[in-house]
Structure formats: C-alpha cells, structure tokens
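Below you'll find a set of structures to go through.
Both complexes below contain subunit A, partnered by subunit B and then by subunit C.
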Partner chain A sequence: MKESEFAIIGGGPGGIAAAIVAAKAGVKVTLLDENERPGGQIYRQFEKGYKVTDSKVLGRDYEKGLELLRQFSSLSDKIRYLNNATVWGIFKSRTLAFARKGTSSSLSFKNLLVATGAYDRPVPLPGWTLPGVFTAGGAQRLVKTERVLPGENILLAGTGPLQLVLAHQILNAGGKIEAILESGNISKNWLRILMGIWGNWDYLKEGWRYLRHIQKAGVPLLRNHIILEVHGDGQVEEAVIAKVDKSWRPKPDTERTVKVDTVCLGYGLVSSTELALLAECEHKYELCLGGYIPVRSESMETTVPGIYAVGDGAGVAGSKVAIEEGRIAGVSIARSLGYISDADASTRIRIFQKHLNKFNRLRRVLDEMSVPGQGLYELAKDDTVLCRCEEITLKEIKKALADGTIQAKDLKRMTRIGMGACEGRMCGPALIEIMRYQPNASPEGPGYLLPRPSIKPIALGVIAASKQEE
Partner chain B sequence: MFPGEAEVVVIGGGVIGSSTAYFLARAGKKVVLVEKGYKGGEASGANAAFVWSITRKPGIDIRLAMHSINIHRQLQKELDRDFEYVYNGGLLVIEDEEQLPFVEAHVKARAEDGYPLEMIDAKQVFELEPLLSEEKIIGAVFSPIDGTTNPIFLVISLNLQAQKLGAKIFHHTEAREIEVMSGKIKGVITDKGTIKTNTVVNAAGCWGCFIGEMVGLKVPITPFQLAMLVTEQLPPCVSHPIMGASYMVEEDTGKEGGLGCGLIISQQAAGNLLIGASWRDAGYDKRINQEEIELMARVNVEAMPSLKDVRVIRSYANFFPHTDDDLPILGKVDGVEGFIMACGHNGHGIGLGPGSGKLIQELICEGITSIPLDELSLSRFN
Partner chain C sequence: MSMVEKRVQKGVERGQQFEIFVDGEKILAYEGETIGAALMAAGRRTLRYTNKYKHPRGLYCGIGLCQECRMVINGVPNTQACQTLATPGCQVETQQREKYSTGLTG
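Let's turn to the complex of A and B:
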C-alpha cells in the first residue's frame, strides 16, 4: 500500500489552510472531506445551480473564506481532494479507513492532521426533543444552505457571538425573531472585552455590525436570561424563560412564557474528538474549549508522533484560529518531511503564532463570558431524555450514579447511554458535565465515552466492499 | 467502609466472579468481591452474548453447558433485574460440503454421549431464519435450548442481587498480594486495604495467571482476541443465535495464530445485531484492526445478503482466557489450602459462568459439587 506523506481529515478552514501551506512547500497532500465541496461548516458552499447574488446574507467571514477556497482549488494538481469521504476509523498501524462512493478504503499515512471541527453543544432540557427545537448550527445550515427559515416566530437561546451571527442571518433572510436570550453576563465585562480585543478591530467591527442590525430590527436581546423548558403538543408552542444569576440558575419569580413555534439553542460548540481519541491521542478537559480536547505541542502535534490536530476539533476557537493553527501544522509537517528548512519554518511559524496570540486574547475574554454556567446542566428533569438514541432519561443516569459509577465509560455499560447510532455525540457532552458536578465525582474527572470504529454509521455492504487505496 | 475480613474473597467482577459471589451470598456466606476495573468491564462485557450448547463436546464440556443453561433459567426467576435472556433455540449453520463431515462426527459423538442434536435441512433453516442466503447455507444443527442474553445486564443483575443478600462488592479495587502461611490462605492485600480470609476464589479471567502467581502457582491461561460488530437497531429480524460451522472445523484444525473469522449473528432485545466474529492472537491488546472489521462484514454479508444495507455503529474486541484443552480450570489446588480456581472459560464464560459460580459455591459450602470437578483441576496441566 502506498503511504501518504500527509493526510488531512476535514475540509474546513483548518484543514484547507494546512493543505495550502504544505502543498505550496511541495508536500503531497491527501485531504479527506466528508462534504461534497471544501469549506467545512463555516464556508459551506452551495449546491451547483444556486448563485449567491447578495453575499450579505452570509456575513463577511464567508467572503473571506471564499478567498481561501480559491487558493485551495488553484493547488488542485498538488492536493488530492477526496470529497464525500467519511473517515470511520484510525488504526494503530497508522492507517485510516474511509467510506466513499459505496466502498470502503484504507489509507496509510506518515503524517495525519485531524481537523474535524465542532458541533453544537447539546443541552438537554424539558422539551428539547420536540419538533421545532433546533441547534443554532442546524438552523444556520437551513438558512445558509437550504435557504429555508426554521420557523415563523423564532426564539434564540444560548450564549456567545454565534447567536448574533445566526440572528443576523435569519433577519437578512426575512425571518421574525421573538427574542435573543443570552445566558452569559456580557454587559459587566464590556470594558474587559474592549481590552481583550485591542488590536482586533476586524472582529469588533463585525460583532458591532451584527448587534446594530439586531437592534435596528427591534429584536430584544435579553442578557442574563435562560430558556427553562419548551412546551407543545407534537410541535413547539411556547417556551418558559427566566432571568438567571451568575451560575445560570433561574432567579425566583422571573419565569414567564413566550409564544413561539421555533427554538434555536446555541450554547457554543463542542469539539469532534472521536478520531483523535481513536488514534489514542491524550486528551485534557477544558470546559470553555469544548470538553475533552487533544493535548498538543506548539507545532500542533498531539501526543502521538506525526498526528496533528487543529481548529475547533482541537478546542473550539473559531475559524480564524483554525486557519492559523492549520498553517502552523502545515509548515511543521513540511519541515519534518524536509521540504523546508528549520530556519524558514521557524520564521513562518512565528508570524502565524503572532496572529494566533492576537485572536486568542479575544477568545479568552469571550470564553469567560460564555462558558456554560452550572445551571445549564440542571435544566433537565428526571423524565428528560438525555440519550435520544437509547431513550435514556436523567432518572436512569442518576440511579447508576447513586450505585457508585464514577466513570463515563462505565455508565455507558450500566445504562446503554451513548450506545446508539449517534455514538454518544448528543449525550456525551451533557453526561460529562452532569457527572462532573456529582458529589462523589472522581477528582480525575469522569473521562469520556470511548469511541470505537466505525465512529459513524457505515453500511456493512460498504465495509464488505473494501479495497486497498491505490 | 472497606471490610477487614471475609469468609470468602472473590477476585474478579466478571460473570464468573459475580455468579460466585451471588450464590455464596445466597448461601449465607460473608463474601467480598474485588474487581480492578468495573463490573463486566472485560470479556464478560464484550462477547457474542450466546447461552449455547451446540458446539460443546461430549463429556465434561457438554455437562457443564447443560448444567449452566439450567442455572441461567434459575437466575431468570431469581434475579430482580431482567437481563434479556431468551431461548428460541440456536442454529449451527453448515456453509459448505467440507464442513459436513466435522459436523456429522460431532452430532454422532454427542448422541453416543447421551446429548443428541437435531440436523435440519436448508428448507427448515430458511423457515427459522428467512434472511440467511439460500445459496450459502446447506443445512444446520438445531438445538431448542440455546439462546442469547444481555451479558452486561446479567453481570449487573448478579451484582445487585448479591449486594442485596449482603455481599460486599468493590470496583476499581485491585488485589495486589495474597497472604499465605504454612500453605494456607490468610488474606488478600488490595490497594484499598487488607481483607483477612481463609478462602480466595480466582475468577480473574485472563488475569487469572497473575493471581495464581501471587500464591506461587503456574496457571496456563493466555489471552486470545475475539472481535464483534454492533449494528444500528432494527425491528426483530433474527430470532436465533446463529453460528457458522466453520468454528467446528477450525477447532479441529487448530485456530491458533493469525486472523480468522466465522459467522456469528444474533439480535439483542434492544434491536441491535451483534455480528462477528474474528479472532487473532493479540496478547492483552483489545484494539480491533481494520482487517478484522472488513473480514466480519464480508463473511456475514455473504451468509445474510440483506445485511449489506444495515449500518455498523460500533465494534468491540476483547480477549478471552484460553487454555490448551479449551476447558475451564475449576476447583481446589494442590499445595495452597483455601485457593480456588474459577477461570479459563475460553470464550464461553457467559454461557458457562453462572454454572461455574454455582459449582464453586457448592464446593465451598458443601465440599461436594453436583458435577465432579476432577477433570477441571489445575493439576491436569502438570
């Protein structure tokens, strides 16, 4: 089997940026992308036939992404781009397995970059399984890709700047927003934000533009508010909201009901770490970065030599950070393969690192404001379903915890939580938070639900039709 | 609170240790179980989930299996928490003419021993399992008593019931040393404290050899990896545990060494199919490799073509305690009074475990067992 000197998993900003710098240095790159076309979630491209006449709908980040994508496609002779490729396993023989076009293939690699991105933090609360409840990311995808509004009267509940982006996009597409609930404590930190973003005028201007747009449209932005429950008969009909304290716990006598048909939950993102975990990279827990994330060196290398991780999949920090991290990883790999000199690499990494430090200053402040408060994971009631696939309620989890189960992987055995088709993506992050706050919690933390191949559902016929990658 | 003493200390919280602890507690013994990991965390939690007799050999092997099947049914009545045990009968399917002589010889030997099996033709097989390929299957051996269980739930249920009856169970608690004085067991030193006792049951599965070393015994157990796939949940579509007769052939020709795979299909109560199984010699390594997964997919899709559209959501691999004669090591040992072996079940721990637990309880409480254990003693390897 031929070995790829540099394989990248993920065609989002981090993966693309890494591919560009590495390919320009002469590295032969193979990029495996689960999507039809490069761009990831943030620079999601439209199906052929759609034409964007007004790029305002998509925001300015998207325009910047197009430039990156143009560079990527200009290097198509140096980068082998495999679209619609679902990587379903990484094995200790330094090979990965991916499904594509109805067959499964194997690719061996010398260096690997895991740039798998992030997904919306799932937050179990009463009524969250009702039709009409979306994640902010899901709603955004509807608006951006399908050009469909998620509903007629929409409530946005969550935290952080992504909510503002979504609101901006819904308003641009002609949607009606009842209110935006921000659970974090934004106003008091205003000064610190300004200090944090000193030198990041681009970011500030963008945020400001979204905020202005929302104000102009008359949408109330309710700070220190949370959604408690969603009610409805087979469909969202109303939501119960309340004011919260610093820990995001509802303040007494502040509950009220709002009539809405759609709820978008946007409590930030959690990293997709299944592949890095499967590759046995060491992980550490960082709540505001998205849970358990890979431990990395300055060159973005994980604890497994030759395996790198960048972007939201290695700690949620947004597309700009992903791009700089991708560049650092790309240059580091080009150096390790001997395509560029140590001195050249160091010079370039210093520049990327400088950009990174600038973005990270801002991130730190935003993270502090939007890090989920403990109250968020107290919304679920005993009969709230935590694991949608196996229909496991909080009550069942509590029972297993009372029996002395202190590790997430043991709780999976006890209750079947995380054993369904989503393989723990929906229930895992909430389970970890709930376990962390248990009185008998292990000081080392609950650990994670161990992923096993196939990490995404793959038809047996596809695996049976496996072939060796040419 | 960690107990300072016990009548019996069971080392190992898998199906064998948990069954032993349950039956001892039921008989009124003060029993403490220590498990270095979590209940059913090793082979007992990752296997084919069969409660099975078809391939068991004449002699002590089939006697243990039959006895244990009865214990499974007894447990189904006794334990408060359900463990999804169902028995509609099992099928050993014959995939080609080459397998036939091995199967026929086995059926004949079993009949001579007084444990007959029923051969059925291809048509009868399809009536029982319509999804099996008509081109692939030429017949089967049917056993009406065989079935499947939920191994993890079985271990949990045994644990809970044992605790209700007074057993003390400690997980994440590792036995470090065993105290022996003048050839007699005196206690077990764990990382949580020392337990004084005169009786230790070694139910540590693949780690049984290390527990044996603590009292100076050489226990010839080696790990052997077996891997399985889990599919998405489906409506009821497979109602019997199905095994390919290649296992009979493999057993007779020796399955040591490289990668092998034989047909295994069953459906769990939750709707997931458990399909497999591949095996290889991988030491104490639980990681599955890509070849194993691909091989399992090919073998099973060939036998049951409609599986091709069913999605795999997970896989698991584990290693089973292997002994040279494929039989467990049960009973007392020479030279160390109070040390009792209960490991080495060769991948049949779920099926045989409850029976073994009952036999060990009889040995400890009554000194005599309903099946003689002489053939299963450690000394047979000397």
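Let's turn to the complex of A and C:
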C-alpha cells in the first residue's frame, strides 16, 4: 500500500494553510475534503451555476480567503486534492478510511493533520426540533452561498460576534429580523476588552460596522436576553423570550412571546473532534474553546506522534488562528520529514507564533464574553428531546443519572444517547454540560461520548465496494 | 407560509432554472442549488418524520452534520438534502418510517 507522507483532513483555512507551506517545502501532500471545493465553511464558495456579480455579498472573510485559495490551487501539481471525501475512520495502523464517489478507500499516512473545524454549539430547549429552527451556521450557509433566506421573520438567539455577522448578512440580503437576543453581558470589563482588542483593529472595525448596520435597520439588539421555548404546530410560529441574570437564568416576570417563523440559534461553536478522538489523541476540557479538545504541543502535534490538529477543530478560535496554526503544523511536518532544516523551521515558526499571540489576546476576551451561563443548560424540560436522532428525552437521561451514571460513555450504553445518525454531534456537547452540573458529577468531568467508526453514516454498499489502495 | 420571495437576487446571477418533484409536486430549483435550499425557497420545511414520535424535522445544521435533512432522493433513502445538489427532474420524497422501516430512518 502506498503511504502518504502528509495527509490532511479538512479543506478549511487551517488545512489549506498547512498544505501550502508543506507543499512549498517539497512535502507530497494529500488533502481530503468533504466538500466539493476547498474553503471549508468560512471560505465556502458558490457552486457551479451561480455567477457572483458583487463579491461583497460573501463578506470580508471570503475576500481574504480568496488569496489563500489562489495559492492552494496554484500548487495543484504538488497537492493531491480529493474533494467529496468523507473520512469515516482512523485506525491504529496509521491508516484512514474514506468514502468517495460510492466507494470506500484506505490511505496510510506517515503524518496526519486533523483540521476538521467546528459547528454551532447545540442547545436543547423546548421546540428546538421544529422545522424553522436553524443553527446560526446553517442559516448563514443558506444566506451566504445559496442566497436563500431561511424565513420571513427571523429571531436570532445566542451569544458572541458570529450572531452579528449573520444579522448583517440577512439584512444585506433583504431579510427581516424581529430581534437579536444576546445572552451574555458585553459591558462587564471594558479595560480587559480594550487590552484584547489592542492591535486587532480590523476586528474592532468590522464589529462596529455590523453593529451600526443592525442599529440603522432598526433591529432591536436585546442584551441579557435568552430564548426559552419555541412553539408551533408542525413548524415555528412563536418564541418565548426573557431577560436573564448573569448565570443566564430567566428573571421572573420578564417572559414574553414574539411572533416569528424562524429561529437561528448561535451560542458559539464547538470543535469537531470525532476523528482526533478515534485516533486516541488525549483530550482536555475547555468550555469556552468548544468542550473537549485535543492536547497539543507547540508544534500542534497531539499526544499521538505524527498526528497534528489545528484550527477550530482543536479549540475554537476563528480562521486567522487556524491559518497560523496550520502553517506551524505544515512547517513542523516538513522539518520532521527532512525537507527543511531545524534552524529554518524555528525561524518561521517564531513568526507564525508571534501572529498567533496577537490573535490569542483578543480571542481570550471574546471567549470570556461568550462563555455560556449555566442557565443555558436548564432550558430543556423533561419531555425535551436531547438526542435528536434517537429521540431521547431529558427525563430518560435524568433517570440514568439518578441511577448513578457519571460517565458520558456509560450513559450512551444505558440510554442510546449519541448512537444515532449524527454520531453524538448534536447531543454530546449539551449532555456533557448537563452532566457537569449534576450534584454527583465526577470531579474529573463526565468525559465524552466515544465516537466509533464510521463517524458519518456510510452505506454498507459503499464499504463493500472498498478499494484496496488509493 | 405565504409566498414571499426567499431567493435573494442581490450579488449573484443564478444558472439554469428547472423543476424538481417533491412528493410528486413540482417546485423550482436552479443549477448549483442544494435540494435543501430549493425546498426552503419553496416554503417546504418538513423534510422527514421521526421514528419514535413521528415528529416533523427540517433543515437544521445545514452543513452535513446533524442528519436531520435525510430524505429519499431519487429512490435512495437517508440522503442529505443539504449536501445534495438539485438536478433537473429529480424525485424527492419526505422520509417516513411507514415507507422505509430499515436502516437509519430515525
């Protein structure tokens, strides 16, 4: 079987940046991307058929990404790019399996970079399974690269700056927003915020631009507010909202109902760690970075030698951080394979690290601002479905907890939570938070729902049609 | 749901327009559009019903992770509407347990 000296999973900013620096150094790179085109979620490109007449509709991030994507495609003779490739397993023999075009193939690797990105933090609340409730990221994809509005009268509920970006995009597309609910408290510590923003002026300018746009459009931005429930017969018809205290618990007598047909939930992002977990990389818990994330060295190597992790999939921090981390991983791997000298690698890594430090300062402040309050995980009621796939309610989870289960993986065995088609992506992060707050919670934390191959539903016929090598 | 135009014209030109069939009914779609987006534009939000409680589910994460948008597309059940591009004349069915009781129909 052929062995790849450097395989990358994920075609977002982190994966692309790593591929570029490694390929330039002479490394033969294979990049597996689940999407049709490189770019990931943030630099997602239009499908064939659309013609962009004004690139402003795609937002500033997209324009910044174009340069990176150009560099990537100019190296196409050095980088083997496999699109529509769903990696569904990583095995001990340094082999990964991926499904592509109706067959499954395996690829063995010397070095592997996991750059799998992140997704919206799922928050179970009554009515969250109704058609018309979207994640903020899902709504954003619809508006940004499909140019379809998710509904007619939209409520944005969540926390953090991504909500403002989405609001700006919906308004720009001519959509109507009823209100934006921000559960956090932004004005807590202005000095810390200022210190974080210092030197990151473009972020500040962009945020300011979005805020002004929202204000000018007359959309109420309600701070210290939360969405409690969504109601509707077969789809969203109204939402119940309330003011919250600093733990995000509703204040008495502040509840009210708003008539909306669409709800976008955006409580920050959580890392996609299924593959790093499958590869048995050690993980640690960091709530504001997206839950359990891989433990890494300064060169972005995980605790499994030769397996690296970068970007939002290794701790949510945005595209700029993903790019610098990707570059560090790419240079480190080029060094370990002997393509560049130790001295050359160290000099370059120092520069990338300096950029990272600047972004990290801002990131810590943004993290602090958007750490979910405990009240967020008290919204679900007994009959609220936590596991959307297997339809397991909070009541069933409470029963298993009352029986003394303190580990997430045991709860999975007892109740089937996390055993459905999404492989625990939608229930896992909330389950961990709910378990953490239990009176009998284990001091080491509840752990995570152990993923199993295949980490995405793959038809047996696809696996049966496996090719020996790729 | 009223028929307010949900397709945004600003900033893009769309490609070829064609029809697709959803539970036998014609709806419009464009080249490059996912089936999920075409359905949202048509105001058709229920993509499947669940096994246990027969609850309706719609487009949720929109990026291929949550598996809520699994529909029967050209006869193949459990196909993600958010990840599948519409093609002229394609047949889309709301996924229900009554019809497809094997596999991942939850």
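Simple rule for what comes next: the second predicted complex is superposed on the first by the 466 of 470 C-alpha atoms of A that agree within 3 Å, B and C clash if a C-alpha of one lies under 4 Å from a C-alpha of the other, contacts with A are read in each partner's own complex, and residues count from 1 in each chain.
In the analysis below, a contact is a pair of C-beta atoms (placed from the backbone, for glycine too) under 8 Å apart; a residue touches a chain by one contact, two chains touch by 3 or more.
Fair warning: this is a prediction, and the values are worked out from it, not measured in the lab.
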| item | value |
| --- | --- |
| Which partner reaches more residues of subunit A (counting touched residues only), subunit B or subunit C | C |
| Partner chain in contact with A:137 - subunit B first, subunit C second, else both or neither | second |
| First (subunit B), second (subunit C), both or neither touched by A:172 | second |
| Touching partner for A:407 - first (subunit B), second (subunit C), both, neither | first |
| Contacts of A:329 with subunit B and subunit C, given as first, second, both or neither | neither |
| Touching partner for A:125 - first (subunit B), second (subunit C), both, neither | neither |
| First (subunit B), second (subunit C), both or neither touched by A:379 | neither |
| Contacts of A:420 with subunit B and subunit C, given as first, second, both or neither | both |
| Partner chain in contact with A:82 - subunit B first, subunit C second, else both or neither | neither |
| Touched partner set for A:464, first subunit B, second subunit C, both or neither | first |
| Shared subunit A surface residues [contacts with subunit B and with subunit C] | 390, 420-421, 457, 459 |
| Complex contacts: residues of subunit A adjacent to subunit B | 89, 91-93, 95, 97, 104, 106, 390, 403-405, 407, 410, 413-414, 416, 419-421, 423, 452-454, 457-461, 463-464, 466 |
| In the complex, subunit B residues that touch subunit A | 38-41, 45, 152, 156, 160, 171, 229-233, 270, 272, 275, 287-290, 293-294, 297-298, 300-302, 307-316 |
| Residues of subunit C defined as touching subunit A within the complex | 1-2, 4, 6-16, 30-34, 37, 40-41, 45-47, 50-53, 55-68, 70, 78, 82, 85, 104, 106 |
| Contact footprint of subunit C on subunit A as seen in their complex | 34, 41, 46-58, 119-120, 129-135, 137-139, 141-143, 146-152, 172-174, 234-235, 261, 272, 385, 388-391, 420-422, 425-426, 457, 459 |
